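Shared between the two complexes below is subunit A, which has subunit B as its partner in the first and subunit C in the second.
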Partner chain A sequence: MTAIATGARVFRLEDSPPHRCADASGGQREEALEGRAEHAAKTPVRPALGLAHISLTFGGVAALREVDLDVAEGEIRAVIGPNGAGKSSLLNIVSGLYRPDRGEVWFGERSFREVPTSKLAGLGVARTFQNLALFKGLSVFDNVLMGLAHRVRAGFLQQIVGSPLARRIEAENRAAAEEVIGFLHLTEVRDRLAGTLPYGVQKGVELARALVTRPKLLLLDEPFAGVTLAEKRELSQHVRNARDSFGTTIVLIEHDIGVVMGLSDRVAVLDYGRKIADGTPAQVRTDPAVIDAYLGVAHETDTEFEI
Partner chain B sequence: MFDYQFLLEVLIGGLLSGVMYSLVAIGFVLIYKTSGVLNFAQGAMLLFAALTFVSLVERGAPFLAALAATLVIMVVLGIATERLVLRPLVNQPPVTLFMATLGLSYVIEGAAQLLWGTQVHGLDIGISDAPFEVAGVLISRFDLFAAAVAGSLVALFALFFRYTRTGLSFRAVADDQFAALAVGLRLPRVWAAVWIVAGIVALVGGLLWGARLGVQFSLSLVVLKALPVLVLGGFDSITGAIVGGLLVGAIEKLAEVYVGPLFGGGIEAWAAYVAALALLLIRPSGLFGQKLVERV
Partner chain C sequence: MPTLISAKSNWFSSEALWIGLVIVAAYGIIPLAGTDYLLDAVLTPFLALSLAAVGLNVLTGYAGQVSLGSAAFLAVGAYAAYNLHLRFPALPLLIDLVLAGGVAAAIGIVFGLPSLRLRGFYLAVSTLAAQFFVQWALTKFSWFSNDNPSGVIDAPTLSIGGVAFTSPAERYVFTLTVVIVLTLLTLRLLRSQSGRNFIAVRDHEIAARVIGVPLLRTKLLAFAASSFLIGVAGVLWAFAYLRTVEPAGFNLDRSFQILFIIIIGGLASLRGSFIGAAFIVVFPLLLSRIGAALLGSVFDSGVLEMSQRIVIGGLIIVFLSAEPRGLIALWDRAWAAIRPANRSLLPS
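Here is the complex of A and B:
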């Protein structure tokens, strides 16, 4: 709860902590409230995100081989690995851009062979992109507001006329955007065009746009790539605050192990498409397979920590 | 001695007629900005709107009813275009899309011909073309009216883009389609909306151009007039379309009056193209167009 001290308003989700536990399996609340209570009693709670036996090949190249991954509710989960290890492929499968040859993806209790990209937002999944997917010509505020684009419910005519429903939704959306902008300390750049901001700040804007939907699951694709050390610290603090305040489950793909080790609850390591280690940062750091495959025996790649 | 009064008159006449070009060009820009399609069918849509309106009026429909009916038809046309032409061709190269709109323009013209016949119609929207005098300069009443209509339309658009959610979606899609997809914006819906808006622009343009030239099939050729406007103003800027239109109007008239005699007259029809060509050599993306910077 200390996260509130960031100066942002108290968030609604936080007012009702039981919500997080009750809704642990994500999605489908209306469909099976009763049935699930029994179900949950019998079986262990489904992870917020689960990957089961995922394999993916491009032509003759196996990008992913039999990868399993489970992400617990409210966890910050990192997937690391050298270039070409299959990290991005994994994320693209989760967001439905690739269809795995084998295996399935679980969001709470729903499993997918091929994730329907268009329904992701509805499932409570948001993501950011390695190379940013911001509207460079729009203001920070408009960018964040666009995070709620899929939620437009009032029809076009209602917007023009300004019907009560349209106005209420609009007001709610704007309030949500303002809140997240305050939360991520972007108030000062609120009206600036996103494209004119430093790269690290743009990453923050993209994070804000993802968070404005209050996602259950947030996928971050190399959130720390190409930002300065100071920005890295700030961003990782934001990521942690997001989890602490919104209860968002976070999966991050990262190259830079230094930040990841400090931030994540659990880390999975990929190498040549296989998962070679999985555990707490401390476990992974001392895992011989990881040291061999990723960290390098002769410390050539030590710079990875510094960058 | 140089007649400044006359220069002013020519200039104002040119600028006012340029507004009409802007009106056509704006339809192009809207679609180009949001979907990257150079919509050659804009002229056919303009013709179709004008022809539908004038035919309804000739069949005894009151002015406003005919206007409303034509509006509805243009909306349906816009939605149908997105469904039947653009959506199946999504992700195709720009040339394919351009060819599709070229085909579309002939389909629309054909449909117009089938529905309303081929004769030329006069269109009277109740504004006389009689000039009036302001400080010794003659100004066409009709041109002034057209400029006012176009001006209010542009102002409306500006408000719409600034203050409505759909407007924001337009700006977002125009800014970055990939990002728009990433936030879950329904691109087909935005495209349908933008074709509808382009249809409305075509209706307004069609009525003004139809009133000026008579509603006939050569009306669809105003697209060719819009091209130098777009080259001058940039394909992706509404401001550019407005300024470009004004420039083309002014250049045409000034060239005709002051340069024309050197060539024995008749250069009004192509002076704008020469200016556009010259500008292309200096600023390939137009005066207001976005410079394409490709990172390698």
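Here is the complex of A and C:
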């Protein structure tokens, strides 16, 4: 199974090499995007994630209005916006926790009116939560192992007696969990209870739990909120590594503009439930609507966006 | 990495060693402390209630679903085994035992269905339905008690393959064996993916759902496994301990008793279930004996009885404020203080 996934990943990496130059300047990045668009025109491929005309209201208050969003395969896509702009609602729609009033969610070729949450992992989608959602009573290792719960096809009696199928799945899952724990440098806290760890480390554990499935699409809800600057750097490196090593498509919701600008390929900006801008970090940064709505008076001070 | 692996294997072997020691002691206690009173009135009910507490701990401690219907499942187990024995005399007793657990599991699943919508106190209140319904059904339909007007059943003799377990020591051995086997199987279940799913559902249900934990199956499995264990505990309670039971013996007080055992012993701990049961069952007896011996000439038995309850209530408050995670956590802390080198090797 791993071999197949690796094969697909290699194909994908070769398929669209330009956009993975993380250090490309804005101009080069635009060229890269155009190049990819041409490529896409030749072989029409649906984006890894597409949102079409998503509207959501809570008791008459519109949280999202006619939002469209497309996320290309292997892309790091940020969604930013002020508090209450509807960013988290957007992720909750994609993970099926909310049902939109209007609109559709596309995963590749499949579209959903309401995303079936229980099948999310099977569709290759993983997510983290804005406020930690770890299983406090389980060790770090078991938390990561939980990410693979949907792969355990053996019934509970087979698990008790330890049938060959149950033992094989358990061994595969343990190996995968060990690997991700090493990848995210969590080996030292492997056997600690998740609830006893510092906040930033818990964020890392949650990322590991999402990555252990090698998801095609990873949704990160404010992964850098409330962590120290050093942890922020480390986590953003992990996010980039996840894309580069596993070919994971990443949708990132974030408050911290600095991290977003340095990390993402494209940025969408939400304000009052509406998408007001969409483009490369360089485009978004200079968009007057964004500056008015979000960045306030921070004109012409590009340095502010760098870490 | 190599150090981790060796620590892990140490951990397992030290745990296996402890379990082995306890089992040897449990069987070895018979000839040593084998007064009939101790075996019959203390150890056998202690074991039966421990198994019931293990069952409730699976549901409440591990899977986080509060239940106030434990006594109902004790009753279901007891009456199911009685009827299986009565109506299918050809079935061996062990099969009756397993089937009675199965009947309790099936009813547990039915009463577990509300857990898909309700949680916390609201779920606890809905499990009261099981408590009242089962008691009502057993009293109302005399078929269950073979047309005994008051619903009382007399348990048959315990016998497996021609070997009868009649003396207090023999019934203790029977109970002990069943409890050990089922506790070890429960340990296996809790260490498997299903066990991790229980804790995941308890700690963060939404995250568990997003990850792909089958909520329906996990919750109903918790109810089924829990009810199975409590049902078998009910068979032991009725067949090995009391031998004559009536539906009123499985009332709400009994449900609360089992709930208190796991809260005082320690939620999400199998060892806690046993320590809690020891505290609730054995300690009052001990206290009344000591009280009678020391102060029996000064106060009458009614006063002693009341003061004994006050002492136990006070101790529960002291213990739980010292360690809300129960007696087992107190025990672990004490153990870690005595043997600092063992701090990391404690089984949970």
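The criterion applied here is as follows: the second predicted complex is superposed on the first by the 254 of 307 C-alpha atoms of A that agree within 3 Å, B and C clash if a C-alpha of one lies under 4 Å from a C-alpha of the other, contacts with A are read in each partner's own complex, and residues count from 1 in each chain.
The definition used in the following text is that a contact is a pair of C-beta atoms (placed from the backbone, for glycine too) under 8 Å apart; a residue touches a chain by one contact, two chains touch by 3 or more.
Just so you know, these numbers come straight off a predicted model, no measurement behind them.
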item	value
Subunit C versus subunit B on the shared subunit A, clash or fit after superposition	clash
First (subunit B), second (subunit C), both or neither touched by A:R168	neither
Which superposed partner A:H53 touches (first subunit B, second subunit C, both, neither)	neither
Partner chain in contact with A:L97 - subunit B first, subunit C second, else both or neither	second
Contacts of A:R113 with subunit B and subunit C, given as first, second, both or neither	neither
Contacts of A:F135 with subunit B and subunit C, given as first, second, both or neither	both
Contacts of A:D191 with subunit B and subunit C, given as first, second, both or neither	second
Of subunit C and subunit B, partner touching more subunit A residues	C
When the two complexes are fitted on chain A, the stretch of subunit C hitting subunit B, from 7-15, 169-177 or 331-339	169-177
Subunit B and subunit C footprints on subunit A, overlapping residues	118, 120-121, 127, 129, 133-138, 142, 145-147, 149-150, 152, 154, 156, 159-160, 166, 170, 209
Residues of subunit C touching subunit A in the complex	1, 4, 185, 188-189, 192-194, 196-197, 199-200, 202-204, 206-215, 221, 225, 268
Subunit B to subunit A touching residues, read off their complex	160, 164-166, 168-169, 171-172, 174-176, 178-180, 182-186, 193
Residues of subunit A defined as touching subunit B within the complex	118, 120-121, 127, 129, 133-138, 142, 145-147, 149-150, 152, 154, 156, 159-160, 166, 170, 209
Residue ranges of subunit A in contact with subunit C within the complex	95, 97, 117-122, 126-127, 129, 133-138, 142, 145-147, 149-150, 152, 154, 156, 159-162, 166, 169-170, 173, 187, 190-191, 209
